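Next come two complexes built around chain A: one with chain B, the other with chain C.
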Partner chain A sequence: MNEKYEKMWEDLGLDISAHDGLLKVLGQFYGDIYLSQDKRLKGMEYLDFVLSEVHGLRIKELQDARAAGKKIIGTFCMFVPEELICAANSTAVGLCAGAEIGKEAAEKILPRNTCALIKSFVGFKLAKLCPYVESCDLVIGETTCDGKKKAYEIFQEYVPMHIMELPQMKGACDRDLYMTEVLKFKAKIEEVSGHDITADNLKEAIKLINNRRKALQRLNQLRKAIPTPISGRDVLLINQISFYDDPWRFTAKINELCDELEKRVQAGEGIVENDIPRLMMSGCPMAVPNWKLPYVVESSGAVIVGEESCIGTRNTRDLVDETGETMEKMINALVDRYMRIDCACFTPNPERLEHIVEMAKDLKVNGVIHYALQFCHPYTIEAYKVEKALEQENIPLLRIETDYSMEDIEQLKTRVEAFVEMVK
Partner chain B sequence: MNEKYEKMWEDLGLDISAHDGLLKVLGQFYGDIYLSQDKRLKGMEYLDFVLSEVHGLRIKELQDARAAGKKIIGTFCMFVPEELICAANSTAVGLCAGAEIGKEAAEKILPRNTCALIKSFVGFKLAKLCPYVESCDLVIGETTCDGKKKAYEIFQEYVPMHIMELPQMKGACDRDLYMTEVLKFKAKIEEVSGHDITADNLKEAIKLINNRRKALQRLNQLRKAIPTPISGRDVLLINQISFYDDPWRFTAKINELCDELEKRVQAGEGIVENDIPRLMMSGCPMAVPNWKLPYVVESSGAVIVGEESCIGTRNTRDLVDETGETMEKMINALVDRYMRIDCACFTPNPERLEHIVEMAKDLKVNGVIHYALQFCHPYTIEAYKVEKALEQENIPLLRIETDYSMEDIEQLKTRVEAFVEMVK
Partner chain C sequence: MSLFDRLSEKSQLEIETAKEVGTKVVGLYCTFAPKELVRAVGAIPVGLCGKDQTPIRDAETILPANLCPLIKSSYGYAITNTCPYFYLSDFLIGETTCDGKKKMFELLGQLKPLFLMHLPPCCDENRSLNYWVGEVIRLKDFLERQTGTKIGEEELSRQIKIHNKKRVLLKEIVGYCANYPVPISGTDMMVVMESRNFLVDIEGYINNLQRLARELQAIKREGRSVCSPDAPRILLTGCPVGKGSEKVLRIIEECGGVVVCQEHCTGIKSFNLLVDEDDAPYKAIAHRYLKTPCSCMTPNQGRIELLCQLIEDFKIQGVVDLTWQCCHTYNVESYLIKTFLEKRYQIPLLHLETDYSESDTGQLKTRIEALLEMFH
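Moving on, here comes the complex of A and B:
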């Protein structure tokens, strides 16, 4: 696709030759990890297409939308209420943060001991390799963790940002604080987009985003079948793409894929044999193209049947109540929904432990792999409580701490294979 | 002192033989770093005595206070309003967090990539070596950083805790949140102490803690003289002991020491020659007995004349307004004072940059050493902005990231010596 989009990438200020190199590596990587899979669903062709055009056609669409007056709002976190962005006739996109790119440049302004995700989004910007961030009229940060909170202060020197403060507990004053932040965010989006958010357009936006969540909930219901009809890698990819793709089209395509899955489940067809160990991933988000660990797991004789993560069920579990007709009721419904998120940034965070145990039982998994990015204090420390909670249910846990480099892949394989052998 | 207090330590459940070993090492370390100094003030004898009895006489006093019905409240952070503790006829003490103790035990429940301060307080508890935490009726945690916030969830399994939530910004809703937390804290202290906090006892407590701050402000004014009349190590020790010692006695003793300092300054006497480079430390707190870096700096031909740190000017810069007569006014004055703290946990945090530049100029320093604990995201990331702010004023900065081990001491010496040579 390179020739077709070169002018656009140049206009966006990308480093063309480095970007060509990135796409080449990404293509090979995708081929090895995704296209090599057996018994893949026909519906995955759409996802393959989207991924192959993730820096091409989708960026073209964003540029066309901008030319037509829409604003593009970049986000890093599921705490940002996308409904308000859509209601203001704007488009929300997740930003590149899943590859070890621009690491050296990032480490000039951030400590080496910063998690790979943060170094990645800073690195993508400094190395001029993320067409999404270059397409943004505004980027939204949030105070979920110390690393992001403080890194945004520096990142703001490079991109226009708005920072949402998040509370750290879930009491009444925390809800008040988050409500204030949602209202500030609404005002900011209205200002940047030049569009008023009304009860009518917000109602539509709530439905739109709920429908995407419902499609992903349906997918998660179907994959529970034994044998599972879809690989964990594919579901991760679907979740990843949900942050980039047009929500109307994406929802329709995922529902089509679910129709196909339904038939497969009815026919008792799986992508693996019945006796292959079923594992669940739990922990930090895996941003595109961070497929390292799922690939290791699914090449070690196991299959992934659940992702307890922001790029997974944490993002799709809760719907926004759709019954409100007034702005006040709808904003309250948004605040209620987002305050239910069980991110490790909260203290205490018992809901996450309950969700993990519940999911592990519901999915009938043989074990859980807790995945944390190195230097991510919230998830690496909370892993201790996750382990205790699963221990009480006799569900084995493997704790993995890693980053985006490929240096530890053999070591990961050894550990995962031993775990799979143990839980068989 | 070991024989005299052995029974008390046993009653507190300390590991007696390990504790004997700790005191021996601490004594040697203190001798090397403190007692070896030339031209020491006579007033430092009190501090030497307090330090030599830090696990002895002071603990005995706490036990006697408990026997007389007082409650002991442990804290880790200067965001906890000590005034409310004193008003409720209770005693606030800082908890042991400055030595590499119980590290192996701590790393069984916390990730290795946790800062040394957090591993230290967990390690002291697990290794049964901190008589302070064993004397506490309640320990107060706060959500300043991800590491502490999440570690307290586990630490609570070992000690009775109350967690205060802190906001991450300084807007109106943040002040509301902190106000709510101060009121919850007040109610908790009243419950645990069995004493009502009244306008009268709070007024007294505000004066008491302000007077301690004023004594330390006076000390900081006097040490500014050229040549400086007191070593940075000694001032650090004084700041450290301010968290442990009885506030009435401590304030009186520091004022006596200041009288002596005044004479020295009038006589133009210093502890170093006029041409010795003057440096300022900035960054993370240095808890007792974390004297590593100050010792390295002051053995490298420089003298420290300021500590921009929680165990330093961040804790003593601001007084609580004393004019309020009603509970409401006093609580508001407390909230105002504590919300002025320029901790790196806030975003953005421009006040700290202003304070650093202001201090560096006021103290006429040749350079600043930014000290951060490894894995402390707030301070390690904010160091970038500190460097930029000082660069604009042509004030050199040396960034140090370290922990409590002695392994890097030669490397630190080499870097500090080169820096001292450069700023001369």
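Moving on, here comes the complex of A and C:
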């Protein structure tokens, strides 16, 4: 696709040769990790296509939309209510990044021991690698973790930003605080987009985003079947793509894929044998193209049947109540839904432990892999509590701390294989 | 200075005696906890922030190794029950400053009753003051419940005045280093400043500070100095430093520099602001504490302003910005501080990232020497 889009990338200010390098790595990874899988669903072709065009056609669409007056809003976190962005006739894109390639640039302004996700999005910007961030009219940050909160102070020098303050507890005053921030965010989006958010367009946006969540919920229901009908890698990819692709198209395509999956489940077909250990991932988000650990796990004789993560069930579990007709009711419904997020940034965060246990039982997993990015304090510390909670249910847990480099892949393999052997 | 020798041991005995008559002891971890309230219910606040390497190994059996040594040390002391002040504490106050502490407090709360104050991440008054006032009041209710003592208006304003007095005195004392001769080393100054963290008798401490102030004044009049006139004048900023974790401070002074000013939490940051004695007390307290220029705030413009003022007032020639390993907030902020200060004052800033161990002492020494050499 390179020649076709080169002009567009140049206009966006990308560093063409570095960007070519990124696409090459991405293509190679994708070939090795995705296209080589057996018994893949036909519906995955859509995802293959979207991914192959993730810096091409999708960016072109965004540029066309901008030319027609739409605004593009970048986000890093699921606490930013996408519904308000859609309601203001704008498009939300996820900017979390999952590649090591901009690391060197990032480390010029950020400490080396910052979580890989943060270094990656900063590096993408500094090394001019990401057409999404270059397409954004506004980028929304949030005070989730220390690393992000402070990195945004520097990142602000490079992109126009609006920072949302997030509460860290779930009392009544915290809900009020979040409500204030949501209203401020709404005003900001209205200002940037030049569109008023009305009860009508918000109602529609709530439905739209709920429908996307419902499609992903349906997928998660279907994949529970034994034998496992779809790989964990594929589901991760689907979750990742949900942050980039057009929500209408994405929902339609995932529902088609689910239709196919349904048939497969009815026919009792799977991608692996019945007795292969079923594992669940829990912890930090995995952004494109961070497929390292799922690949290691699924090539170690296990299959992943759930991801408890922001790029996973944390993002799809709860719907926004659709019954509200007035602006006030709808905003309240949004706030209720978003305040239920069980991110480790909250203290305490008992809901997450409950959800993990519930999910592990429901999916009948043999074990859980707790995945944390190195230097991510909220998740690395909470891992201890997760371990204790699962211990009570006799569900084994493997704690992994890693980053985006490939250096530890052999070591991860050894540990994962031993774990799989143990839970068999 | 002898007044401040072995103060910690003396305090321990006094605390034990006070406990026998039912006085409560409250363990604190951070500058954001309003001590006025603790005193107003008749309890004794003690600082529990871990400054020593010893208990870290035990902490790492539960906490990740990639965590700031201060958090690991604090938690390690608690689980091994090796800190006498932790042992003596009836309950604890924590706050949601940084991620590491916030999540560590969840575990610490399993050992002793812990009240967690939710500190908003933005110190902008419009955004956060009301919220923080709410937290201060929640703390008051907690303290009243725990001690069975109601806070009277009068007692609270008396405490506000005493604490302000202490702050003013500390400011006066550090001010004696603002120009040559320098009557007290940074290392000794740290002991003076830190001793306020475990006092039974705050009035006695104030008397001691007054005597020290007179002493320093006299030394200054006589023209005596702990260093030569050309010793490089260093400002130490960044993560908190105290007894057990003073290695960088010590090395600077061993290598011929003089730390004339310390901005970190044990230092000026924690006493340069006063509580407004004319305002409604809870709001005034909330207001003052919210303005603490800690890196956990975003943005933290207050720290830049304070640093500028100190660089000018103390005629600073070089800045050492200390980050404890894996303290994200200070670590990330160091880039902003460095670029700003170097541009504005053309003075060098040395950013050091280290932990409590002595393993990198040689390396630190080399880097600090290189900094100090620039002034010769």
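Here is the rule we go by: the second predicted complex is superposed on the first by the 423 of 424 C-alpha atoms of A that agree within 3 Å, B and C clash if a C-alpha of one lies under 4 Å from a C-alpha of the other, contacts with A are read in each partner's own complex, and residues count from 1 in each chain.
We take it that a contact is a pair of C-beta atoms (placed from the backbone, for glycine too) under 8 Å apart; a residue touches a chain by one contact, two chains touch by 3 or more.
Every value quoted in this text rests on a predicted model; they were computed, and no experiment measured them.
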item	value
Clash or fit, chain B versus chain C on superposed chain A	clash
Partner chain in contact with A:T75 - chain B first, chain C second, else both or neither	neither
First (chain B), second (chain C), both or neither touched by A:S90	neither
Chain C-contacting residues of chain A that also contact chain B	109-111, 113-114, 143, 145-147, 149-154, 163, 165-169, 171, 173-174, 177, 180, 344-345, 347-348, 374-375, 377-378, 380-385, 401
Partner chain A, residues of chain C touching it in the complex	62-64, 66-67, 96, 98-100, 102-107, 116, 118, 120-122, 127-128, 131, 134, 295-296, 298-300, 323, 325-326, 328-329, 331-336, 353
Touch list for chain B against partner chain A, complex	109-111, 113-114, 143, 145-147, 149-154, 163, 165-169, 171, 173-174, 176-177, 180-181, 344-345, 347-349, 374-375, 377-378, 380-385, 401
Footprint of chain C on chain A - complex, ascending	109-111, 113-114, 143, 145-147, 149-154, 163, 165-169, 171, 173-174, 177, 180, 344-345, 347-348, 374-375, 377-378, 380-385, 401
